[in-house]
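Okay, structure first, notes after.
Note that the chains are named A, B, C and D in the order they appear, and that numbering of residues resets to 1 at the start of each chain.
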Amino acid sequence: MTAVPDVPNTATLTIACPDRQGIVAAVSQFLHNHGANIIHSDQHSTDPEGGTFFMRMEFHLEGLGRARESFERAFAQVVAEPLNMSWQVSYATQPKRMAVLVSRYDHCFLDLLWRQRRGDLNVEISLIISNHEDLRRDAEMFGVPFHVVPVTRDNKAEAEAEQIRLMHEAGVEFAVLARYMQILSGEFLQTFGRPVINIHHSFLPAFVGANPYRAAFNRGVKLIGATSHYVTEELDAGPIIAQDVVPVTHRETPETLMRLGRDVERQVLARAVKAHVEDRVLIHGNKTVVF
Amino acid sequence: MTAVPDVPNTATLTIACPDRQGIVAAVSQFLHNHGANIIHSDQHSTDPEGGTFFMRMEFHLEGLGRARESFERAFAQVVAEPLNMSWQVSYATQPKRMAVLVSRYDHCFLDLLWRQRRGDLNVEISLIISNHEDLRRDAEMFGVPFHVVPVTRDNKAEAEAEQIRLMHEAGVEFAVLARYMQILSGEFLQTFGRPVINIHHSFLPAFVGANPYRAAFNRGVKLIGATSHYVTEELDAGPIIAQDVVPVTHRETPETLMRLGRDVERQVLARAVKAHVEDRVLIHGNKTVVF
Amino acid sequence: MTAVPDVPNTATLTIACPDRQGIVAAVSQFLHNHGANIIHSDQHSTDPEGGTFFMRMEFHLEGLGRARESFERAFAQVVAEPLNMSWQVSYATQPKRMAVLVSRYDHCFLDLLWRQRRGDLNVEISLIISNHEDLRRDAEMFGVPFHVVPVTRDNKAEAEAEQIRLMHEAGVEFAVLARYMQILSGEFLQTFGRPVINIHHSFLPAFVGANPYRAAFNRGVKLIGATSHYVTEELDAGPIIAQDVVPVTHRETPETLMRLGRDVERQVLARAVKAHVEDRVLIHGNKTVVF
Amino acid sequence: MTAVPDVPNTATLTIACPDRQGIVAAVSQFLHNHGANIIHSDQHSTDPEGGTFFMRMEFHLEGLGRARESFERAFAQVVAEPLNMSWQVSYATQPKRMAVLVSRYDHCFLDLLWRQRRGDLNVEISLIISNHEDLRRDAEMFGVPFHVVPVTRDNKAEAEAEQIRLMHEAGVEFAVLARYMQILSGEFLQTFGRPVINIHHSFLPAFVGANPYRAAFNRGVKLIGATSHYVTEELDAGPIIAQDVVPVTHRETPETLMRLGRDVERQVLARAVKAHVEDRVLIHGNKTVVF
């Protein structure tokens, strides 16, 4: 887990394609012919016989800033099309544009803001949307636009439309639910059309749904956890990006579980967002490859 | 987690009773009056207002070997009955008598045998019962009686009766299922009438039942775990004693998950058995207090 | 690890005394006679034969607010003096007064401020002292007085005197060095006369002194850590309160080690401060008992 | 961390060379031209500008069994020599030949034997050498030749010569010190001339040398650890392969630290041996790259 070097000539290429011989050779030969130096490379085969092949390559290429278009055009023709690849290139100079949706809990929210300010997350926080006023002052301290879109049983569709409008207007590339206490509709996901990362306060698939700390307390588990995943229509069932747990004892109450959980929630969400931002996460059906 | 000192004059008192003022005072005063020195003490209140109070005290008492009966009789009269206590005293010189039920997997089984031989578990392994011949040689190397009781769909009731007969005959005080691949019937549990500790190869309540590693693989979780619990009639739903997890990645197959899981399974089971053996586990409804 | 209930009638008694029979009985009898209900109790004997006995009891006593003086006077006479105890009582309604000393790194600092605001740390942050201006705005956002006391090679003695003056004036009960990059003199420690908690960015005793991440990188370790300890005259050698580590690989640079380290530093320091604030830490020579 | 598939046509290529553009392209093109399919690939650059480049590729090649010599000859000419590589190919059908040196502690020793029997370690345990008789029966149960070579102050040189003779005779490719309580001389290391892996019972560089648990107890650390490293002439200072820790409290004694340490020692040593056996460890000065 090294940081993406923040230099003008660094980029990350991610690909997914049907597995076959010669993919690494084709890609690395292409990069070499264009004068690129591979900094990191990861690959994964779901099944060498007829499965899917995933690869992520960070590379350095002198003059990349000017040559993007021709580089991408050539890659598409020479490598991607013949090998039937899904692919994309991200440039280190273009931090992804992120929206944060939040309700009243401040821990995940503040942690993301702090990491971005600190330079740990190569991301631009374009805007924050909340259904409550509570965190406005924190947002302002970090200099991020803060929008309140109240959500009630009656206005849910309008509220979601307004949220999407704000995010599209801001050119947001992905959204993070930093303990946002509303369930997004399937229509939201389709209309927004971009990845949404959630943090759920349990080690999924245990304790799906509301009040997982109370459920954990009732079951008498000896560890509690957090799971960050991409949001899909089915509640808490999307592809998992990161998970972690913390040991607990019989002494905990639902309230102290919540307190202990805050530390693991913010840590797991930050890890997932960082992996997403650095193009380390490739989706494969309902699972992820995290390089 | 310090070892129980293996000396003739050391004992452990565990109690559970309705919470009220003055319990610690009553017990510690009683021990002091009898010349006992408290070595360790733990207590837990489920709710200071009308809940249950749990306590575990390790103490040292010169001449305890000879005075057991009178000590226990006095404790019952002076303290336990007035305060409406469930209680028991265990003596360090009397290791608990344990049965191990096992099928073909050797990892949890060998680990328990090794820990007992090493002196880490103050337990006597009275006998091993398996539904297969495979582990006989290992059992014999550690000098423990090994009985094969085959279990089929047709003979389950007879097989269970034979298992219980063997265990009762050997004076077994509790049984451990060290990856024993048969589900015990409710009748078994009632007739055996003593605690049975199981190791389940998932972080319960996730992945109850068969093939949890396959289920974990299918869900794409980023950690796998193991749970040791007391067996009750409902499958994998008994009071949890210990749990732990290990991180995994997209590279794992169901087979490598099994391999990684073995290390955490044997570790968690050993921790649970050790806690039970040292009278650190008190059952409270479907949960445990683990001191 | 349950939170101290924030109620007017709750208090914590901590004692240390020469070990002998009857201490628990004497203390619990005293509390019972005064109508107190013990909520939690922990004890530790360094050596049942002639060692030191440590105990921490959280208790609830109706009307404690008014009865403090008489309660403490009685305890001193009836229990503490006969048993030669060091002891103190802390009241849940009186959060300890803390100073934070910080330089430029914001992670430990912000984490403490956030936890205090969140109600996780029952502490009053009386003031912040820094040798730099950088964190003034953050401090102000949390509403905590921020003082800059520049420290140079030439003014160190005067600077320390000013720091102590500010802290004494504010009635500070203990100080936390949240990555404060100056070594405190022995004179400072003596004159301040109260506990000082530091966070060192290595798993002590490895990598004492400056640049531990660089040293960890050079040694090629596979984990990095953080240690929180009470400050003594000998650099990084005081009693350890809390430690933790995080795994690292060959991919890390000294810079990414610093980034990964920030998460474990802030977590370990918060754990240590919380333990101190809740009177869970008792010092025994150069070691600690942490209940 | 997936297991090496145990098939006749699978091999692992590891290389180290001066970093420059085109290395991945050259190697993957070569493998592609020979009909190989890359299963896993890892690479690491110590410094893209003039550093060292490390790579490990697992590949599958139909008919590899017969084609080894010609494959290796061609690789040397076409790729390795032009790029100035150190390299080697390991074949999945040829498990490495390992010696285990041990004294009296059985935990690391039994764990390695069990993992080999279980199929977790693709290794052949050629022989065991001990300076004591104690573990002969265990060795015999696992069917491994057991040699006793007593070591005294006076016979150390002869004893080491005998150990090396036994290992060379058995065609051993690397040795593991599974808590072998003698320090190997520089002459031993030179004459043996193959890798030696040690397990040290502390988180190095803390507590180098004898009695690390006693030293950990005296310092009052809150975690203890284990480190597996390649042995070099300087005591406990060789390249680290794996490390881990376990949390401890003030309740531990040096004896309970030893007990807790056993679990982490055997786990860390097994992890290091497995990585070595699967050609995942590349040495770089006094550090390791562990793929």
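Simple rule for what comes next: contacts are C-beta pairs under 8 Å (C-beta built on N, C-alpha and C of every residue); 3 or more make two chains touch, one makes a residue touch a chain.
Worth saying up front: this structure is predicted, and the values here are computed from it rather than measured.
Relative to the C-alpha centre of chain A, the farthest chain centre belongs to B. Sharing over half of its contact pairs with B-C by residue number, the repeated interface among C-D, A-C or A-D is A-D. If you average the CA atoms of chain A and of chain D, the two centres end up 37 Å from each other.
The centroid of the Cα atoms in chain A and the matching centroid in chain B are 42 Å apart.
Shared contact sites, meaning residues of chain B that touch two or more other chains, fall at 40, 249, 251. Of all residues in chain C, those touching chain B in their complex are 21-22, 24-25, 28-29, 31-32, 35-43, 45, 48, 60.
Chain B makes touch with chain A in their complex at residues 44, 203-207, 219-223, 225, 239-245, 247, 249-251, 284, 286-290. Partner chain B is touched in their complex by these residues of chain D: 1-3, 40, 106-107, 110, 114, 118, 120, 137-138, 141, 249, 251-253, 255-256, 259-260, 262-263, 267.
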